[in-house]
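All chains are identified by letter, namely A, B and C, in their written order; residue positions are counted from 1 within each chain.
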Amino acid sequence: MFEARLLQASLLKKILESIKDLVESANFDCSPEGISLQAMDGTHVTLINLVLRNEGFDTYNCDRSLSLGLSLVSLSKILKCAGNDDTLTIKARDNESDTVTFVFESPKNDRVSDFEIKLIDIKNEQYSIRKSDYSAVIKMPSAELQRICRDLSIIGEIVTISANKEGVKFSVSGDSGSGNITIKPTSDSDVPAEQATVIESKEPVVLNFALKFLSNFTKATPLSPMVTLSMSEGIPVVVEYKIEDLGFLGFFLAPKIE
Amino acid sequence: MFEARLLQASLLKKILESIKDLVESANFDCSPEGISLQAMDGTHVTLINLVLRNEGFDTYNCDRSLSLGLSLVSLSKILKCAGNDDTLTIKARDNESDTVTFVFESPKNDRVSDFEIKLIDIKNEQYSIRKSDYSAVIKMPSAELQRICRDLSIIGEIVTISANKEGVKFSVSGDSGSGNITIKPTSDSDVPAEQATVIESKEPVVLNFALKFLSNFTKATPLSPMVTLSMSEGIPVVVEYKIEDLGFLGFFLAPKIE
Amino acid sequence: MFEARLLQASLLKKILESIKDLVESANFDCSPEGISLQAMDGTHVTLINLVLRNEGFDTYNCDRSLSLGLSLVSLSKILKCAGNDDTLTIKARDNESDTVTFVFESPKNDRVSDFEIKLIDIKNEQYSIRKSDYSAVIKMPSAELQRICRDLSIIGEIVTISANKEGVKFSVSGDSGSGNITIKPTSDSDVPAEQATVIESKEPVVLNFALKFLSNFTKATPLSPMVTLSMSEGIPVVVEYKIEDLGFLGFFLAPKIE
């Protein structure tokens, strides 16, 4: 028996909105430690890495590990039925049943919704996610990254991200013209530390990425006010959104080689 | 001569928004008692019953009954030109003219708009609306019914409504999965009586309906904070929105037989 | 060397939104006095007349006149990258370069964006704009004109504007019916002079216009709370939006002859 209760159903709703356009279906791996999901997009350019730790749940019961294979399209439809302040309980019986149940309860308990989704069989691939010692780690407001991706997408398809101690430059070029947006580390001491743009740079790094994917990652913006970009030459950038008290949602994107 | 003045043109605007996608044209039957409209949708599954009583109008003059046949599409376009705070005066001459005039006046009287629409000939069918002694009468927030219809429409096409003393369950099933949303009577005494969900149940009732039509009815949500569903086995459900001081807009929908 | 700095990049953004659907490309004529643009739409029914005076800029340096031919579609894309509170600096080198640079700076200076657009060769036509002594000059809230154009467009394609001392009447006729919206001069003394509708009428005037173009002009509504319509029989109406401290954007539209 697996049962996990989350005070904010809206968190899972936001997670699904961020990943459902990248991956059609995926395994939610439930273990005593928590729930995790790893999946690659159809073109194998992006890897999604979701970690939700047990201590972030209101209640969490998992005797033995089990894998819940779900259509993300179906799950996302079901989650649209959750009110913004509803709680969510996920229930599954190990190996006994071919469905998983999602229960939404309104704060005043005057509306209870329960939905059953059929489980599907998905080959569980293991992705080795190695911790790197990145050349540059940039923490910046997530809304700012979202805006940059949206704005530059109007002009071109490939963004060049150049980072050094002084700032991060996002460059793009297209038929209408070419442009650069440069973000500098926050120097204003009035800005609280948790909202400050911080650049940790060991050595300058310049990488090219498909804006289409970066823009897609920024759908996770509602999950966190800040986002972290970790970059080194020749390896995928990691775009990571912390999910308060619960875990994080990370995206890996391979750079484009010119 | 027929002339009726309504302080809020927006009321007729909201009524038209609720019915114009169900019925293309209809007769507004004007009598000394008020204005009424009865019409069935093209597929003869839904009956609209609109009643606007004379005492709800600011002024109301109707010497003898007349029927104003109007294209609801045209009327809805004209009403889009009414400001939210405009007053509305409807003017028609009996049998003399083939047009009806709608006059909108802004509160400060600095903008006056008058529109003429051609009358059309529509066969006046009489629908007998019998008062039933329903097995279940549910009064609930209209926004809640709208949300349930919108959410469940994502999952399936047919909703099963089951009502008893304990609550009303809306169930749906589709390719993504199946689900139930259950609404309970308000027990919280802090909720004012006019906002409370109340279920009057003589005997349990279970009926199936096409969500498409129910969803369409909920376009009337801006007319009233509450909606009433009256149900008995084998006869149409009545979904009714009170229009404060003026009358009501009711929809009849035949249940689907499995 | 030409360099002009505007405290509100959003002003140029709003100007481009107002004209980019009328004209594909145009010359920005830069002189020591300021920047001006004159262009006709493809069908030669509308003339755009934009004047931005040097004193409205934060800094303005222009040794000798030069013409910057730009694709308005490309410029509009670039301006979408300007934040609402960004400043804008336009830089061009006379005859040396085939590009112009737009620099956006955020108020806190933590984001700097620079964009280059290729200049294009556009034949510089001179349009003689004669000052007329108009039969009627109407100053009215720009949002009101926008609303009237939007509302009447639902009903028909041609608007008849009739103006005299008592008011301005906008009339339209179509398949759904016909209608008139009449605006009266403000009599309420509580309305500040700068928000009051004022009609200066020497003689009554009645003119027909294509609503499609008038509606397009009202995209300039965000530039100014008030708009002026200047009309005389047989010559184009002038629809003019003041741009505070900076200049104005005017549209000329030839009347339709019945």
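Keep this in mind: a residue touches a chain if its C-beta (ideal position, glycine included) is under 8 Å from a C-beta of that chain, and two chains touch if they have at least 3 such contacts.
As the structure is a prediction and not an experimental result, all values here were calculated from the model.
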Rotation in the CA alignment of chain A with chain C, degrees, nearest 5: 120
Over half of the interface residue numbers used by both chain B and chain C, so same, or under half, so different? different
So the centre of each chain is just the mean of its C-alpha atoms; given that, what is the distance between chain B and chain C in Å? 44
Chain A: positions in contact with at least two other chains: none
List of chain A residues in touch with chain C within their complex: 144, 147, 151-152, 154-155, 175-184, 186-188, 197
Residue ranges of chain C in contact with chain A within the complex: 71, 73-74, 77-78, 80-81, 83, 99, 108-118
